[in-house]
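After this come two complexes, each holding chain A, first together with chain B and then together with chain C.
This part shows the complex of A and B:
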């Protein structure tokens, strides 16, 4: 009963975050137009590359698959909520104290809000991106099992990214500003996660290292699963995502515990 | 007449130097935050260099463009952006918001011309990271000779003029459309995005757009063409383009200023 009650609280937070996200249409238009520009530029880029290579496959993907891969990775990347800056602001303004007296876990509250936010943003991005990809390169074959595999890897990808950003936000207990760190984090995810270039295009020496890092689980794994699903890749992804989530959660727990020791609350 | 103009120019250079000193002193009150933002932007730009390094490792030539050309493109764009908004931080995202929120009054009360004075009013810390990155990558990676180095320095200033002009133009939309900050940011960000990819990817109508509505051609394509050819003619075309963008921005601002209505908002200069 208590668990159900507690879960419904967090679900309600997700729901309200999702609804409020829809209210800011200008931000949605901004994101979608940016997505369209990136897709257009990369379509031109890949067209040149495929024409020069003389092959219909680069990095194991056809041109339409490459564009759809980019749609998925971009949709995930651009759907990221500003968790780090929110946590940073909580710490800096002292709003954290208000959050702590609520009958909710601080991290859990942020997670619910971020997930509600992200699901809506991702759905919009994916819809717009898919329409653009359909217009630019046409459809690619998608199977029901492939779609299920993609949907299995997606929540863990969102969770991992949330934990990474939450950790950056908690650094506000020690740093004057975490905006720089957040920028570096997002660029690390972009580069090592294989957002623009599928990992198969990276130098052979780097590929196993990048696949083992958590960043590939955030972008590359769902992207490949969407365009080229395989059971082997699914098993690998679940294993890496599971391990990465466990490590990130442990880090969040430790950092939050240490950070709370530094928290002083004044009345007023 | 000429002597008066020269005195006025020198006077504004002094104002620029004073504001730079004041803005930097304000930023350095929070040294950790300032340096971390500068470093983060340097690393952010570096991530794109890594992307192009990886790309050219796999696909060595892109429609006649080599890695060196793309590095020049990134160097001149980031250096220009950094100089523009390091010196005139209010010309970036703040511009449209300040107009929409009726914050121009404070700047109108001073004996200086409103536009340059307002532009100089703040600095963007991360822009210094861009400026440093542009120069480091050009001198460290492209390894220019003396003529190329001199051309790069001139072009980085030319690109800065384009950025300031375009910032004024997009920000001035708030005079005509109300709060146009999102549209302004969108327009500018899309232009910058196009400017950081080789122009050989685009042709036909898109190229026309890139020299008109989306002035990526003036931000990077013309300057890089000048660097590649080392031609004075190309340099003059780039300079003319920059002056054109700046003039469009100034005209949009002063026409818009006529429509500006003062409110009863009490505000302070940040």
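This part shows the complex of A and C:
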């Protein structure tokens, strides 16, 4: 009963965040147009790359697969909520007090809110991206088992990204501003997570390193599962994602504990 | 009477670290320095002090947000920093400058969310919500996104939201900041009403003397981390200002009047506003002199504004604390 009530609290936060996210239709339209422009540019670029390579496969993917991979990874990347800056603001402005006055875990509250935000944004991005990909390169074969594999890796990808951004936000307890760190983090995810370039295109020596890093678990893992699912890859992804989530959660626990000891009231 | 809040020898120090080149110096700043007080359940207390006096720090320790350096606190039997989440079910807070309402959604959605966060029984929630909507007059804007509300409407909704789980102690940190005179008065009346009818303990911090005067029964003045005054509002006024304000309206221009201990604050035509130092000249002597000065149409003896009392307490406590 208690667990159900506790879960209901956090789920309702997600639901409220999702509704709040849809309040501004103009922002939703802006995000969709941005995604459409990016996808169109990358389609043109990949067409040139495929033509220059003289092969119908680059990094083990056909052009339609590459475009669909890009749709998924872009949809994930562009759906990221502003967790780091929100935590930063909580610390800097003292808004933390509003969160801590509730019978909720601070991290849990932010996680629920971020997930509510993200699910809506991702669903919209994926819908728009899919329509565009269908129009530009047509469909790719998608099986039910492939879809399940994709849906298994997706929540862990979101959770991992949340933990990374939450950790950066907590750095506001020590730093004047976390925006620099957040910028480095997002660009690292973009570069080493396999957003623009699938990891299979990177030099062979780098690939195992990149796959082992948590960034690939945030973008590449679900992207690959969508276009090229395999049970072996799924097992590997779950293992890496599980380990990364465990490490990130431990880090969040320790950093939050230390940060709360440093918490001081700056008036108001 | 049961003890709502008990504070014993509460201290909070902060380490202020500064880098001078490669050398780091750590200075200990004392924010709260040995506060002790009891607040019985149902009492409305104004907790006031100048900026940096330690009142926000104390409130944050009372709500479990901050850990004290030493000392003890019991809020409704809970130790706030150990039982923060359990205590959160019994207390509410409004931070005047920080909203708890979802900006893009109507207040109704925040109310709904709060009912889940506090695990309220559905029927109990609906009953309380409807009572709050009626008493705080929220009905006309409950379904309007918060971003479209006026500050007065938003603050009424903020306070109502903090009462939704019927907290036994309500912490109000500058609840009327930025409000116009009417909205401020409305909010004060509502807080008073809730304190009276529901027996909710009110812990109010404000720089507005009107809030203190209208809402609180007791004033605790804190400065430099110490309690410098702890008494009821009327007693504080009596103790700290042996002065009265006399407003007189004459039928025609009065004769000039000079009395020791009486200062003319305002004079225009047939109107006088006098400040009387009652330690030098009693009010009855001044009243008699005023009646001799001309034909009086109206006369009123008033207490000086609480702002003056507070300013005087702050000045006195500043003199007492060695720098």
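We adopt the following convention: the second predicted complex is superposed on the first by the 264 of 268 C-alpha atoms of A that agree within 3 Å, B and C clash if a C-alpha of one lies under 4 Å from a C-alpha of the other, contacts with A are read in each partner's own complex, and residues count from 1 in each chain.
We take it that a contact is a pair of C-beta atoms (placed from the backbone, for glycine too) under 8 Å apart; a residue touches a chain by one contact, two chains touch by 3 or more.
All values derive from a computational prediction rather than experimental measurement.
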Joint occupancy of chain A by chain B and chain C, clash or fit: fit
Chain B versus chain C as contact partner of A:49, first or second or both or neither: first
After the two structures are overlaid on chain A, angle v-u-w for chain B, chain A, chain C in degrees (C-alpha centres, nearest 10): 80
Contacts of A:176 with chain B and chain C, given as first, second, both or neither: first
First, second, both or neither for A:145, with chain B first and chain C second: neither
Which of chain B and chain C A:101 touches, first, second, both or neither: second
Contacts of A:230 with chain B and chain C, given as first, second, both or neither: neither
Touching partner for A:41 - first (chain B), second (chain C), both, neither: first
Contacts of A:16 with chain B and chain C, given as first, second, both or neither: second
Chain B and chain C, minimum CA distance [Å, superposed model]: 13
Of chain A, residues touching chain B in the complex: 26-27, 29-30, 33-34, 37-38, 41, 44-45, 48-49, 52-53, 175-177, 179-181, 183-184, 187-188, 190-191, 196-197, 201-203
Chain A-facing residues of chain B, complex: 30-33, 36-37, 39-41, 43-44, 47, 50-51, 54-55, 57-59, 61-63, 126, 182-183, 185-186, 189-190, 193-194, 197, 200-202
Interface residues, chain C side, partner chain A - complex: 14, 31, 51-52, 56-57, 60, 63-67, 84-86, 88-89, 91-93, 95-100, 102-105, 109-110, 112-113, 116-119, 145, 173-174
Partner chain C, residues of chain A touching it in the complex: 5, 8-9, 12-13, 16, 19-20, 23-24, 93-98, 100-104, 261, 263-265, 267-268
